[in-house]
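Paired with subunit B in one complex and with subunit C in the other, subunit A is shared by the two complexes that follow.
Moving on, here comes the complex of A and B:
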């Protein structure tokens, strides 16, 4: 592992900001966000977790996926291009989230060319968390506050500077010419929270029909904040937008925008039928997606344990509490199967 | 996610607010992609500037070389598609989804049950069977709609009726005077199904229609002695990509777009979520 001093890091980041689009934690109206920066000065280095995940960089909240030009009856279609971007200061949970999105969008045929094109040009330079926040649970989702797995380069703070762990060839091409020295000693281990257990995916269907989901959803406002903040939630809508409309010449953008399965009309089909008509069914889909559907479909949890949805939910729907409730209910049902008098279900 | 360009070359009324759109693909790569597609597959059709939506392909590659879609006007995209003039350009993305396993149905007696616009994705099934008539057993077509004006492909009834070893039965929930005068059937497709009572012996069924119809047809077929693994259906779901990315069309851990839209009822029965 190499070492970079604080000063050398500033110089390097300034150069990166000059050469490519550099995204890094930056304060916008007192809210910390992964945003493009023009110099190292703008970057916040002492932080726990930006308000939003870095999903926005790989899958923007709204992006054109097709440009349509119509001249008379002649139509031409153009796909958008994408330039080089580096995300600096990414937390391991957010890199983990991007890795899960990679699995969905490019890990399975047919791949999403739009996502692939942008993602190909993105390099991830991480910054380890010295300790987990109270609402963080990355260690319960297979992550670690200093997990280098999903980065190209991971920096970990040491005295007067950072340990530099170069993970991929993409990272090496960025770091090699810096001629960094070998680090003396090892960075400190992060302070971690107690691990929460999540019920194995194959047992979740046992709790599908439980009344729990309706009770939990009674307070859900369907604000969809949880999905928008989530590094993994990837549901999107596609809409056409007219950007220029004339008699002989028109331009349209086909936009892809974030969406969320907890929204009322999410599943409504032509004719008005809604197979997921209740809030309970929709909220259940959110948690089943994370802990059952994702593991079945992608062999990976649909949650990385960043804790953002816990912090943001206006009615305190807490994903860790849901994990606990479901585990407890399953265990109780196992006991009650053995002894018929015991209470069943989460809400028993 | 980028469509192929196609030209609208024909537009016919199939019923009240239901049109058949005929599209000729203009680019060689689009034509190549659609050179071979199966009954039951679907495609997204774009009204450029308004949006795109998925539709079961109502034609077969063996037909007139055009892609055909039976489209009911139910929203903004379908309204825009209805209002297009012949000669205008549309986008077409596909073919998508699995399609009906026609090979598995060879030599079997087949009962096709179509409800309303649900008849559109079944037309290529009927065409495919009629094209290779001797490969399949007896064909029973049960065709239904809420009222006579919503029955689709009525101009093909004679073709279907005159095909060897083929019968067609039509019913509407409520007939108009003309329908009643002509002695047409009135009642739900399940009542017609009970009356016709096809034998489950060496037979399969293929159903497409609204969720309630799928549900009750399945129950009736069960009463007639059909097992779930003899019943095929094609499901509808709202979707935006068709390639298992947008997350919209899941039924439990299954995606209608890539795991379907064609499913056997025993698979559907195993899903965590229902289409109802």
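Moving on, here comes the complex of A and C:
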């Protein structure tokens, strides 16, 4: 494995910032976010986890996916373009999240052209986590704090610099001309927490009708914070917005914007019917999507264990606690299906 | 009186209310999954002992009455809920009563004498010894509405001079606008501020209509500005200053500044403080004949 010194890294990052759009952990009004930087100086290297995931880079919170122009009777359509972007300092859970989004948007036909166009021009340079935070559980979701799998290049801090693990050809073209030296020792192993395991997806339907979801949802505020901070939640809404309207000339943007199943009106259909009429049904969908629907469809968890929703939820809806409760409830139901407690839900 | 005994009194009354079937649920606080305090909904006597009262009880539980207001049936006794309120929370009850969102007989109010909530409350590992800013400036110790009062009232002399506003008010308008636009830019439109607010109970928020009548679907700074300013205006003379919107904001927008500014103006113009009485906001009423707009 190669090695890059701290000074050489700064020089390299300065050059990248000059050549392409470089996105890296940066303080914005004291909040750490993955955002574009104009020089290496702006980049924070000593951090645990930015407040938001890097999802916004591949799937912006709101983006035009089509521009429509109408001149007289003539209609012209233009698709947006996107330039080269490099995300530096990405954590393994966030790269894992992007890999999961890739599965959804470009993993099978028909692919999402807009996503594909942007994603193709993005290179991922990661930074291993030296240790897991208390609310991290990537190891429950098949990840590791130093997992190189989903990166083009992964850096891991060593004394006086970083070990450089070049994973893909895309990464190789970036790193090759850097004249890096061979590393002397191996980087230290990260400090791992013991984490909860998730109930196998095939067992989740047994708990679909459990009263647990209604009880859990009592304190849910039905905001969308958990979904918007999540590296994997990818639901969106599409609307056409008029940007200019005249007799002979009009312009419209077709916009795609984040949406979330925890919102009250997410599932409302024409005529006003809401198939997920209760809070419990809506919150249940969040967890079933991650641990049942997604695994069934893609053979992979819909959660990467970054822990952001745990940290941010103002009413302590804790996904790890839910995983634990559901496993316990399932195990209890296996021991005795006829237990009178089953009626009351798992927390009763 | 110690916190322990306040907690005991709350539990005792909760047990009585549930045992006598006077209420179907007690909305209070319990320990969360990682040592923090979180809202609790107690339906059974066996669960009453999980109720806690301490300086981490930051949540304004009145907001949850929005979810259950449609569930009150004809059998009022069985359908009542008990709710634990701090003095600030209790003023939100007055707002909802005045606006006919709840009926007084549907709620049993356990009012707690409050000496302040600590910063970081509600979040794992973030609780500090320092009181929240809103609490440092608050002289209310006794809720404005209660059926049972828990704790011994004290009467501290604190006058709020809105120091945090002075700086902002002193800014030239362009600079102030730039300050706020920079704040709005961070907003992710998760609507947690609206969802946590007891005063935001519209079934369809005007800023989120499917037809985008007032505000478009885009997550641009213009849309965010319209949402936050619009929400602030809708809460003028209705916001009771619990600052929960600011606490829950994942992007740390200083939303309380907007609300305090409006509260200050309402106080100056109408000598009105939201929630002191179960009366309609002066901005939702009309001048009677002969009545004049206050100077």
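Here, the second predicted complex is superposed on the first by the 337 of 348 C-alpha atoms of A that agree within 3 Å, B and C clash if a C-alpha of one lies under 4 Å from a C-alpha of the other, contacts with A are read in each partner's own complex, and residues count from 1 in each chain.
Assume a residue touches a chain if its C-beta (ideal position, glycine included) is under 8 Å from a C-beta of that chain, and two chains touch if they have at least 3 such contacts.
Everything numeric in this text was worked out from a predicted model, so none of it was measured.
Trainee: Following the overlay on subunit A, give me a clash-or-fit verdict for subunit B and subunit C.
Mentor: After superposition on subunit A, which the two structures share, subunit B sits beside subunit C with no clash.
Trainee: Look at A:320 in the shared chain and tell me whether it touches subunit B only, subunit C only, both, or neither; answer first, second, both or neither.
Mentor: second
Trainee: Let me test your reading of the model: by the given contact rule, A:182 touches which partner, first (subunit B), second (subunit C), both or neither?
Mentor: So A:182 meets neither subunit B nor subunit C here.
Trainee: Treating the CA centre of subunit A as the corner point, state the angle out to subunit B and subunit C, nearest 10°.
Mentor: 90
Trainee: Touching A:65 in the superposition: subunit B (first), subunit C (second), both, neither?
Mentor: first
Trainee: Per the contact definition in the header, classify A:46: touching subunit B only (first), subunit C only (second), both, or neither.
Mentor: Neither: A:46 stays clear of subunit B and subunit C.
Trainee: For A:169 in the superposed arrangement: first (subunit B), second (subunit C), both or neither?
Mentor: The answer is neither, since A:169 touches no partner chain.
Trainee: Using the superposition on chain A described above, determine whether A:208 touches subunit B (first), subunit C (second), both, or neither.
Mentor: first
Trainee: When the two structures are overlaid on chain A, which partner does A:237 contact: first (subunit B), second (subunit C), both, or neither?
Mentor: Touch status of A:237: both partners.
Trainee: Which chain, subunit B or subunit C, is in touch with more residues of subunit A?
Mentor: Answer, by number of touched residues of subunit A: B.
Trainee: Subunit B and subunit C, closest CA-CA distance after overlay, in Å?
Mentor: Nearest C-alpha atoms of the two chains are 6 Å apart.
Trainee: Is there a shared patch on subunit A that both subunit B and subunit C touch, and which residues make it up?
Mentor: After superposing on chain A, subunit A residues 237, 239 contact both subunit B and subunit C.
Trainee: Please give the residue numbers of subunit A that touch subunit C in the complex, ascending.
Mentor: These residues of subunit A touch subunit C: 28-31, 51-52, 61-62, 134-135, 215, 218-219, 221-225, 228-229, 237, 239, 241, 253, 255, 257-258, 263, 265, 279, 310-312, 314-316, 318, 320-321, 348.
Trainee: Which stretch or stretches of subunit B touch subunit A in the complex?
Mentor: So the residues of subunit B in touch with subunit A come to 1-3, 5, 46, 48-53, 72, 74-75, 78, 87-89, 91, 210-211, 236-238, 240-241, 243-248, 250-253, 255, 272-276.
Trainee: Would you tell me which residues of subunit C are touching subunit A in their complex?
Mentor: For subunit C paired with subunit A, touching residues are 32-34, 36, 38-41, 44, 47, 59, 63-64, 67, 122-125, 182-183, 186, 188-192, 194-196, 204, 208, 210, 212, 216-220, 244, 247-248, 250-252.
Trainee: Taking the complex as given, what residues does subunit A use to touch subunit B?
Mentor: Spelled out, the residues of subunit A in touch with subunit B are 65-66, 68, 70, 73-75, 77, 79, 104-105, 108, 110, 112-115, 205, 208, 234-240, 242, 245, 250, 252, 254, 256, 259, 261, 266-271, 273, 275-276, 281, 285, 288-289, 292-293, 296-297.
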